[in-house]
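Across the two complexes that follow, chain A remains constant while its partner is chain B and subsequently chain C.
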Partner chain A sequence: MHRKHLNSFKIYITLILTSIILSGCWDVMEVNDLAIVIATGIDQIEEEQIEVTFLLYVPNPSGAASGEVSGSSKNSYSISMTGDTFSDAVMKLESEVPREIFWGHSNIFIFGSELAKNELGKQLDFLVRTAEPREQSQIYISQEKAKVEVDKFVSINTAELFSKLPKSRYLKSMTLKDIEEMLVNNSQAGLIPISNTNSVKTSEDTIDSFAVKGSAIIYQGKMISSISGEKDIGSQWLLFPKTNIPININPDGKNGKVSAETIKKSIKLSPLLEDKTWSIKIKINTDLLILQNSTSLDIYNPTVMNQMKKEFSKKIKADIEEFLNHIQKDLKADVLQFYEAFHRSYPKETDDVKENWEEQFENIKVSIQVEVKIKNPGVTNLNIENK
Partner chain B sequence: MNDNVLTYKQLFWLFLSMQVIMNMLLTPSGSIMIAQQDAWLSALIAILISLVTLWSSIKVCARYPSMDFHVIIETIAGKWIGRLLSIFLLVSFTVVLAVMLRQYGEFVSGTVLPKTPISVIIFCILVTAIYPTFHGLGVIGRLAEIFGPILLLGIISPIILGIVNMDVKHLLPFWYDSGILAIITGSLGPAAFLTDCVLILWIFNLSEFHPNKIKYLTWSILTSGLLYLLSVTSIIATFGVKIASTHLYPFLILERYISIFGMIENLDAIVITVWILSIFLKICLYLFVTSYGFSMYTAKINRQKMVFYIAGIAFFLSLLPRNVVDISIEFPQVVGVPFILPFWVILPLFLSLTIFIKDKINKTQ
Partner chain C sequence: MKTADLHLKEFIKSYEFLPSSLEEKTKILKEIYKNCDDIVLHPFFSKQSAYLLIFVSGLCDEEKIHEHIVRPIQHTSIVSPELPLIISHVTNITNTKILSNTLEIIDEIADGNTILFNDIENKAVSYRITSYEKRSIEEPQAESVVIGSREGFIESISTNLSLVRRKIKTPSLKMSSMVIGTYSHTSIYISYIEGIASLQIVEDVKEKLTKLNVDAVLSNASIEEALEDNWSSPFPQVQYSERPEVVAAALLEGRVAIFIDGIPFVLMVPVTLFTLLQTPEDYTERFINGTLSRWLRYFFLMVALLAPSAYIAILTFHQEMIPTTLLLRIAQSREEIPFPAFLEALIMQVIFEVLREAGIRLPKQMGSTVSIVGTLVIGQAAIQAGLVSAPMVMIVAITGISSFLLPQYTLSIVLRWIPFPVMFLSGMLGLVGLMLGVLIIASHLCSLRSFGVSYLAPLAPNDSSLLKDVLIRVPLKFMKKRPSIYSSINPNRRNEGK
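Moving on, here comes the complex of A and B:
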């Protein structure tokens, strides 16, 4: 009898002791007490002053239960904090907001262009050093102030939108890891997409939605230039292998245009060093899908198809050349990491020019070879205008 | 209850699962920093060093299959030198045990429980580790048999899921950036972890006699080494040398970077839990060997009581370093690589050589 009591006593003690461990020690976090960071905007407001704008999602289960309109827009808040550095502003937010700040779902960081021009590298350090933001977070540089942009997102379902950004086949996106890698390489140059907003009309009012327009060129931790429009198409070919690109051509002597979209593309850099001439061959393979044909051409005809392929590759080559010329001759920023490509094949020779790579980079001869395959000319060959 | 008998399969799982995680988590960044993209060659050298250590340790034990190590070493090296060497070995195990506890504390606090005091984290795992150690090696062996396959899954699945992020071009240029000296220096870190197979000296006679025992042991060290090789290679292929060498736990970052269709994400929460199983086994085994060994040199205290004393000492030692730099960078540079690693490699080599010479002399007589 006595033994039995002792045994059950042991079991009770064990249960009580394990319950202490179950609470997660000092780091207990209740979902109801959290403020989940969805997006972060970082601006420089004056010399040595950083303003950080957080888009917070505050889970509030009671709101949904009492029949109110539930959904993200009612639970989203934006709040701005200023501090000496990025991390200083984050600490201030943590000390002022009654809820626990949770970074696990933070998918996007937008840097204001003013800050990017002065000290992007310095503020990126915070993201790289702390364990909380994930390496998959997307980085953008905003056209205007990041605060203005983030404030606009309060009214739309941004958490959903931002979590799907990296999967988008059309929007350019770069992860923190990609940028980290570009900027620590010897070339110290990288490219970050520029974010902007689009106005969207709903039945009640006008709201602003997230958009990507153009790219910023980063060199030695600072943004040195931004490119957009025609010039920027080349960057999509060379640096964003997963996005689809629209292409329009005017076939020779025909009245009208043929539009297509890439379904798949791959890029290969092969550096060559001969007789002290540095040259690099860029080979691009792409599969196209024809979307519209407003000419009288019969695309199903194999000869026409071959002609189309040539026209398309000419257009693609021109786009890439424009972009390359700009970064190579005007900006002298090795965003394509040519240095690393050469270093892999010619380690000794690259080491010799390591110090004045900027000069060497400018003089690299680039040849571009584009191979186009028309995977799908469309499901019908009907030409509405020409009978 | 005091069962100290291991089967040869338990031996395989025990050594494999206790070595693999700590090595993968802690040594790649240092090794990559020194040997650059050729760190995988360093891994091969580390495997070689550990196999030599294992081979000579087994030679020593197999010569006297039923004796405890403290008897063996006194037979080979004489009473006083033998005693001194064996106590040195035990002290090195105790120090490493304390370092491991602290590493574990820093890892858990740095990744999942930032606000929990490190002493509490260490205390929790130590108390848990005391339980199986108190009841004997057999318990630890059975645990290893259960945890081992789960651990393998927890290592290989993230690497396979991460294949899409890898690019072998990061492994080039071959040899130019490092050179033979850098590759050998880079191998010392992982070698220090892999050569802790010298623990077999103390537990060889506690495992059952089986013709396959030595083969299984060799395979367990080889597998653990090859898994390390695989992890280093995939780390370099994913991040490139510059990022991989600056992170404290590059294998964890590899984990966190996995995103399959946006659905399979944030695997680290699951995987860290699995990894802790390996660290737990390592702590148990070290605790067992030190308590078993020291109890041979104390007249009255038995092994089970010794577990508590050693745990107390290790706990105290583990609280001494000031921060993660002390334990992860200073300790390996000042104590680990220059003293403990050579001692672990040379001691079994010296013993096996002495046996070889003694036997030769005996034969000629």
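Moving on, here comes the complex of A and C:
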């Protein structure tokens, strides 16, 4: 009995001791030795020179001592580094900041539009190659210089804001993983939302906050176009299944507008290859919620309701067509990953046109079918104009 | 001392049977009880013959001796001094025994019985009129319940036996007695229900206790150690209860209860981890409440075991697992703390243990002072002094409170120190270390046996039919069978045919 216990005891001790020498386990990192990266901006300042701006969170000791835990502005610092590449700039930062650079909570990467136009793909490589940046972080392309935007975030509670970005039902967001998937495909085209700043007034002064305005089309590792307005809304229908989209229509011959919001939408691509004609059917199902009716129409009336449905689908279809025309005819960038859709159904035929997909893509016939359901025409029907 | 002791033993042995003459008996007894001034030898005479009474003062009701033994003998008209005649015709005490062996007589005296000798026989009568100071039955202190019986065991074994006998009235309830302790002669009762309990376990208990060779049984520890299968395990392998209904329920499940004289707790074997996690209230409350409080207990058992370790592991190795906003707050509160998270947790945990120990050792009136000083002053001051961070104080507090949720004190004291090695492992290896610790504990629990019953039964080995009283607490009408892990002799709880 004694001997048996002694043996199991020995086994435990050996287990513990051997686990210590397992490689990769001994990487203790105390929280107070970290410089937590919250946002990163990447710019091209001149030929072959990359400037990276980091928004770091370093706790403010004096703030903590007084027992005041604010977690906001006072502890955010922005710092810029230049280097030959993105990674070079990061390494320089590592050697200049006494703390360990911690990427685990880096929620947002903003690429300057200048850089995006020239070598976005080359710099994205660092993010997808190294293990530390998260695949779930959001990627944006800035309207102005990324440095300018990141610097502005010092004054707001950015960490909290950025952690909420992916959950937002209205702000478009693309994760690093989404973009990786888009660009790695044969179509080599993708779409990244464009970020901007908004001025927000507080009681004391004006500060800048984060905003999303329009999108950029990426093709072969470079930004080739920026879209906004109807084209952008069209892209949202096809590429951002989770965000809600506002729709305004102007029913024929009536004064005023009817505004609605999507509460649910689904999209289905069905490719068809017949007699060497490439065609694809995009079917969109959507549920709408009427937000405002400034016309004299009575939406509760079934005939009017049906008319509304038609009007809405027409509007949605128009927006999508606008976007499709732009990417198909003007840019020849297969942002919607049609290649993948065809490849799944007709692998052999698609492989044959792999080399000149650009040409093929331009000639694909797209038919759009929109099915609108008005889930909620509003709580009450006031119709002021009728009375 | 040893020679004197040997001398006494030799002496008693040489007089295996006492002589008939009262004079000689008195001489021998006086020699045996030399310097024992609490032993009363009282010679008295009836009209025809002489008698001798011997008893321990304080263990007998002296008034009763006078009333029911001495006076009837002195005033009787019966001439013969023969002991059977005196029992049946003169004295009026019912619980009597005729003894002849000297050793037996000595044991009877020690038990508080009154012994009567006459002048013509080498035998003696033992009258059971024991009466000594004892605590009255009070509400159990260590296992209090809101709804349920208020009776608790006391130090007197006869009272304890009667408390259980009153719950289970069948003659199948066996109480087999045993005397342990070379000097203490402590009486112990092994109790089980014949026809339910596994005879093998009963025999096993008897054998283990017979083998036990100790001077005295002053605490339950010597009995507990004798019953354990694995002495080196930190986990308790005996269940204690001071509530008769808990013991009765255990007996009805086919377990064996051990009563020890002088100890207000009854020991129960075999034991599984889940029996130690059950409270009597699980069964007095409605089944939904019983189930929920059981879940709460299981969850906080894990919290008590792992909360500080998980905090250390995540904070020092896996910061990406913490929500961003929370991490920033933790980072800010930890900014000025000079120690690594592991050391910080260790300091707080040790301080907490000190406070808990102090609270137990101090007199009751002072206990609250300690807790006020401990919680308010030390907790608050430690944060302000920058020794520990506020989240850590919270984690330690939650851990402490969680360990109080466990109904068996013996189990909750294990959980006071088991977290320390796990904390050490997770401080070194992060979540890998934490899992390693859990693995070690789990494999140890799996290997543990109590009288052949797996400690983790019925979870490991899995017996899904019994999980309804482990993972949940189903209404009693669905618990038709006794747990088969203890005994399979009589599996049905219901009287068949009804």
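Quick note on the criterion: the second predicted complex is superposed on the first by the 351 of 387 C-alpha atoms of A that agree within 3 Å, B and C clash if a C-alpha of one lies under 4 Å from a C-alpha of the other, contacts with A are read in each partner's own complex, and residues count from 1 in each chain.
Going forward, contacts are C-beta pairs under 8 Å (C-beta built on N, C-alpha and C of every residue); 3 or more make two chains touch, one makes a residue touch a chain.
None of the values given here were measured: they were computed from a predicted structure.
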Which superposed partner A:S215 touches (first chain B, second chain C, both, neither): neither
Touched partner set for A:E30, first chain B, second chain C, both or neither: second
Partner chain(s) touched by A:Q143 [first = chain B, second = chain C, both, neither]: neither
First, second, both or neither for A:P59, with chain B first and chain C second: second
Partner chain in contact with A:P347 - chain B first, chain C second, else both or neither: first
Partner chain in contact with A:K177 - chain B first, chain C second, else both or neither: first
Touched partner set for A:I16, first chain B, second chain C, both or neither: second
Which of chain B and chain C A:R134 touches, first, second, both or neither: both
First (chain B), second (chain C), both or neither touched by A:Q328: neither
Chain B or chain C, by number of chain A residues touched: C
Those residues of chain A which chain B touches in one complex and chain C touches in the other: 25-27, 104, 134, 163
Complex contacts: residues of chain B adjacent to chain A: 110-117, 120-121, 124, 169, 172-173, 176-177, 239-240, 242-243, 253, 256-257, 259, 261-262, 265-266
Residues of chain A touching chain B in the complex: 21, 24-27, 104, 131, 134-136, 163-164, 166-167, 177, 180-181, 184-185, 343-345, 347-348
Chain C to chain A touching residues, read off their complex: 230, 232, 315-317, 319-320, 323-325, 327-337, 340-341, 384, 386, 425, 427-430, 432-433, 436, 440, 444, 447
In the complex with chain C, residue positions of chain A that touch it: 5, 8-9, 12, 15-16, 19-20, 22, 25-32, 34, 36, 38, 57, 59-61, 63-65, 67, 69-71, 75, 102, 104-105, 107, 134, 159-160, 162-163
